[in-house]
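Some structures to go through are shown next.
In the two assemblies presented below, chain A is common to both, partnered first by chain B and then by chain C.
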Partner chain A sequence: MTTSHLGRLAMAAIIAAMILVPVIQTSEESLNLVSLILIWALFAIGFDLIFGMAGMLSFGHAALFGSGGYALTLLVTKAGVGFVPALGAAGMVGAVMAFGLSIFALRVSGLFFSLLTLALAQLVYILASTKLRSHTGGLDGIPGVPRPELFGIDFYDNRNYYYFLIVVFIVGIAVMALLRASPFGKALQAVQANDVRAAQIGYNVQRLRQCAFMISGFYAGVSGALLASLMFYISPQMLHWTTSGDVLIMTVLGGKGTLLGPILGVAVFEVLKEKLSQYTQHWYGILGLIFILCTIFLPNGIAGLFARKAAGRPGDAP
Partner chain B sequence: MSTIVIGLSLSFLLFLLAAGLTLIFGMLGVINFAHGALYMLGAYVCFQIVNWTGSFWIGLLVAPLVVAALGGAMEIAALKPVYERDHIYQLLLTFGFILVIEEAVKIVWGLDYKQVPTPDLFSQPVALFGSQIPSYRLFIIGFGATVSLALFLLLERSRLGMVIRAASSDADMAQSLGIDVAKVRTAVFALGAGLAALGGVVAAPLVPIELGMGFSVIIDCFVVVIIGGLGNIRGAILAALLLGMARAAGFTYAPEWVELITFVLLIATLMTRPAGLFSRKGRAA
Partner chain C sequence: MSRVRDGASAGGLRCENIQVAFGGLKAVAGVSYDFKPGHLYGLIGPNGAGKTTLMNALSGHATLSGGRVFLDNRDITRLSVHARTRAGLGRSFQITKIFSGMSVLENLQLGAFAHRYRVQPFWMPASRFRDVREDAEKVLEQVGLTKLAHTSADYLSHGDQRALEVGLTLLGDPRVLLLDEPLAGVGHERLDQAIDLIRRIVAGRTVLLIEHNMDVVMQVSHEIVVMVQGQLLASGSPDEVRANPAVRAAYLGEGE
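Showing the complex of A and B:
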C-alpha cells in the first residue's frame, strides 16, 4: 500500500503547490503556463481512462476536445446559455461525439481502432473547417470566446480564472480517482488484460469500452471548452490530429495507466515546450526524439520510475 | 475518359503506398504511422535530386533507395527493441518518427512549397479516344502497374518472397529453419519505406510538395487498407481502384464533396463488412 500512500501524498503536494502558484508567482506567463497545464491535465486523465485503463489507443481525441470548445463558444455567444451550464453541455457534446465515433470505431479492435478514430476525427476536422463554416468560422475560427460570470467575480482576470480552473480540476480528478478504483475501473483493466476472458466472465466488453470512451469524451469536451475560454479563441486547430498526438505524447511521457502519470506528463510537456521554444523553433522535433526514447526505454513513463523505486523491483511493460 | 485516366493514376499511387503499409503490417505486425511522412520525405529528396542533377529519372531511382536505407536504420534503431511488447508501443514509435521526420524536413527545406517539374518526356498531353490526356498520368498508370507486378512476382514467385512469407506466417518456425528473421524484418521495413518514397516521387510533379502532404495521403491509405483488409495485397489493389475511381468521379461530378467520399466509403465498408470488403478470413489484429 506504500505506492498508493505515496501517490496520495504527491497528489496533496501537487494540489497545494497549484493553489500557491498565483501567490508566489506573479508573472502572467507562468500563470498562463500553469493554467494550460491544468486544462491539458484534465484532458490527459480523461484520455488515459481509455488508453491506460482500457488499452484503447484513440487518435481521435482532438475531435472530442475541439467539439467541446465549439459547443461552449456557440452556446454562450449564440444561444445565451450561462457559462457553467454550457461547460457541462460541452462535456455532454464530447460524450455524444465519442458515442458517435464509437459506433463505427468499436466495430474493429486493436490497432484498427486507432486508425478509425484518426480517420473519423479527420472527417470532423474537414467538416468544421469547410462545410460548417457558417457556424464555426472556418479556418479563421471564432474570436471572443467568453469566460465564466459567477458571483460577481471578474474571471477575465487570469488569476481568478486560474482558481476557477483549479476547482474544475479538483472535481475532475476526484471523480476520476473514484472511477478508477470503482468496479467499473477494475472491469476496464480486465478488458485491457484479456478481453476474451473478460467477456467469458460475463462482462459486456463492447458496452464497457463504449462507456469508458464516452466518459473520456466528457473530459475532453470540458477541457476543450476551458482551453477555448482561456485563450478567448477557438479554431479548427483544436480539432487537428496534432492535438490528439499531443495528448498522447503527454500521457506516454508521464506514464500511462496511472492517475498521476498523465498530469506529470502534461507538466513536463508544457514546461519543455516553454523552455525549448526559447532556444529553438524546432522544439517539436526534439520532443519527438524524447518521445521515441521514452517509448523504448521508459515504457511506463516518468511515473513508472517512481513506481519502480517504490515497489523495489524492476518494472516492465505490461 | 480523362476521369478514368485520372482515377486509375490515383489508384496506382494509392496502391504503391498501401502496398508498403500492408507489407510492413503483414510481416512485422506494425501499422506504420510514419508511412505518410516517408512519402513526403521521398518527394522532398526527389526535389533535391532534381535540383542537383536536373533529371527526374535519377530522382525516381535514387530517392526511394535513400528513404529505404533510412527506413532500415529506423527499424534497427527503434523498432527492434520493442517487438516483444504490446503492438501499441510500435504504433507509438512510428508516431514519434513522424514528429522527427517532419522537423528534419522543416530544418532542411523550410516551410515554403516546392515544385518538381513534370519530366520532359511526359510534359505534353496526348489525344486518347478523342480527349486530351496528360501523358504523365499515363506514365503513372504504366509505372504503377509495372511496380505492382514486380512486387507480386517478388512476393509470390521469388525465393526472397518465400522467405518473407514464411517469416511473416510463423517467425519462430522460420527462425529455427535458419532464416535470419531480424534481417528479413529490417529488409521488409526498408522495402515498405522505399515504396512509400516511390509514391512520393511519382506524385511529386503532380502536387505542391509541402509538410502536410503526408498526412492527407495517409488517411486515404489507411482507408484503402481497411477497405481491402490489412495484410491483404490483392484486397489493397481492389480497394485502391475503388477509392481512386470514386475520388476521380468526385472531382468531375461533385468537387464540393470529394473530401468526404473517402469517409463515406470507409463507413459504408465498416457497417457492412467490418473485416474489409475483400477479406476471406477473419482479421487478426
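Showing the complex of A and C:
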C-alpha cells in the first residue's frame, strides 16, 4: 500500500510539475526539453508494457516508433487527413507493425526474440532509407511535418504544442495505469513470472504477448508521430536500432516494471544528454558509463529507490 | 468451485498408443490406457521410466510422435496446454511453478482470472473482481493457506509452496487432475497434512498421481499403473500390483 501511495503521489507531483513548467520556465530550450521528455516517456511506458510487465526484450521498437512518425507525416501532408485522426492512425500503424513483427518474433523467445525484432526493425530502416525513397525522402527525411490544427489554437507555438502533449501524455498514462492494474496486466505479469504455469492455469500465453506487443506498438506509433511533429521533421534516424537502444536504456535506468520508472528514466536521460552535450561530444559514452553504474548499484532503477523501504517485507503486495 | 465433486462429473482420460521421442530416445514408447472417471491412479516406476513425460504428453507440454489423447471421448491430441486446461485438465508440477513476486492470494487470483475470462478484462482494475477473489479464497481455504494469503509466494516454506502448487491446479475445478509428485520434498512433519490435502482434493475427480512414496501411493490409489522403460508393465489394484512378480523384479524390489 505504501509503495503505491508513494508512486501515486510522485506521479501527481510529476504531472503538476510538467503543467507548471511553461509558467515558470520561459526559455524555448527548456520547453523543448520537457516536450521531448513527455514524448519519450509515452514511448517508454509503452515499451515497458512488454519489457517490464511481460518480460519480452524487444529491440525492434524503433520500427514502430518511426513508422508512426512516417504515417502521420504522409497522412497529413499527402492525403490531407486531419492531425488528430492521423495521430490515431499513427498508433494503429505502430500496432499493425507490431502485429507483423510478432508473427515472426513470437515463434521464438528470450534472446532470439530480441535478435529477431532487431533484424526485422533494421529491415524497416533500410526500406525507408533506400527502397521507399520516393515516399520517405530517403536518408534526407521529410521536412515540414505539421502540427495539430484545433480550436483555432496556434500549435506552431511551442508552448501551445506543449499543452497538447500534456493532454496526450495524461491520457496515455491513465490508460496504461488501468491496463497494468487490470486482469490483463496481471496476466502479463503471470506470463513473465512463469510462462509454463501461466499456460497451465489456462492463459493463452502467445495471445497475451501479442496483444501486449500491439498495445506497445500503438504507444510507440503515437509517440513517434508526436516527436516528428515536435521537430517538424522525420528521418530514418528514428527507425535506426539506436532508438530501440535508447528507450531500453531509459526504461532500465528509471526502473522497469513500474509506471513511474520509465518516466523518471526518460527525464534523467534527456536532461543528462542536454547538459552533457553542451560540454563534450562524448556525451553518449558518459551516459553509457552512468547506465552501467546504475545497473550495478540500482538494479531496480531510480524508481527502485522509492520502493526500497517497502520491499522485502513479506506480504506486501506490489 | 470448492464444492466436493460428485464422481459423475469427473472426466475420463484415455490414451491410445502414446509415443514421445527425444531424438533417438523413446521416452514413452506406446502407452495405451483408459483412466476411468472418478478413479485415482497411482503411476509408479523407476527413475527414467517416462512417468513425467507421459504426464507431459497428457497435459500438452510434450509433443507426441504418435498416438492420441482423449478427454471424455473428445480428441485433445492437438490442443495446446491452455486449451486442455480449459477443457478441464489440471496439472501440478514436480518442480514448483508458482508466480514469484506475488502474494499467495494473487497467485490464486491469476488462476481464477484465467479460468473465468477467455479475453482478460483490461477496462477495470483487477482488485474490483469480487467473484475472482472469492474463487481464490475458497481454494486458499482448501489448501490451508488462508493465514498466509498476503504473504509473498517467495517467502513460503517448501511445504506451503507445494500446497500452493496444488492449489493452482484446483482453480477452474478440473475434472481430471494430473499430480506430479505433489509430496516432493515435503518434510516428514508435514507429510500427514500433505496427504490429507491430496485426499481432500481428489474426491470426485479422475486423478493420475506420480509419487515415489510407496506407502502413500498404495494407500490413496484405487489402481496402480506401473511404467518401465517407456512402457506399461502392469496395472491393477494396489494388492495385485504388490503381488505381481514382474513388478517386484523391475521396481519394488529395488532399494526397498
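Simple rule for what comes next: the second predicted complex is superposed on the first by the 309 of 318 C-alpha atoms of A that agree within 3 Å, B and C clash if a C-alpha of one lies under 4 Å from a C-alpha of the other, contacts with A are read in each partner's own complex, and residues count from 1 in each chain.
Going forward, a contact is a pair of C-beta atoms (placed from the backbone, for glycine too) under 8 Å apart; a residue touches a chain by one contact, two chains touch by 3 or more.
Source: prediction; values computed, not measured.
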Just checking: does A:194 make contact with chain B only, chain C only, both, or neither of them? Give me first, second, both or neither.
second
Answer with first, second, both or neither: which of chain B and chain C does A:153 touch in the superposed model?
neither
Contacts of A:252 with chain B and chain C, given as first, second, both or neither:
first
Tell me which partner A:119 touches in the superposition: chain B (first), chain C (second), both or neither.
first
Partner chain in contact with A:81 - chain B first, chain C second, else both or neither:
neither
Pick one for A:110: touches chain B only (first), chain C only (second), both, or neither.
first
Who contacts more of chain A, chain B or chain C?
B
Which of the two partners, first being chain B and second being chain C, lies in contact with A:185: first, second, both, or neither?
second
Which parts of chain A are in contact with chain B and also with chain C?
317-318
Within the complex, which stretch of chain C touches chain A?
59, 61, 80-82, 85-86, 91, 93, 97-103, 106, 109-111, 113-115, 117, 120-127, 129, 132, 150-152, 155, 168-169, 171-172
Chain B partner, complex, touching residues on chain A are 55, 57, 104, 107-112, 114-116, 118-120, 122-123, 126, 130, 241, 245, 248, 252, 282, 284-289, 291-292, 295-296, 299, 317-318
Complex interface listing, chain A residues touching chain C
178-179, 181-187, 189-190, 193-194, 196-205, 208, 314-318
Taking the touch rule as given, give the residues of chain B at its contact with chain A in the complex, in rising order.
31, 78, 81-82, 85-89, 91-93, 95-100, 102-104, 106-107, 215, 219, 222-223, 226, 230, 259-260, 262-263, 266-267, 270-271, 274, 283, 285
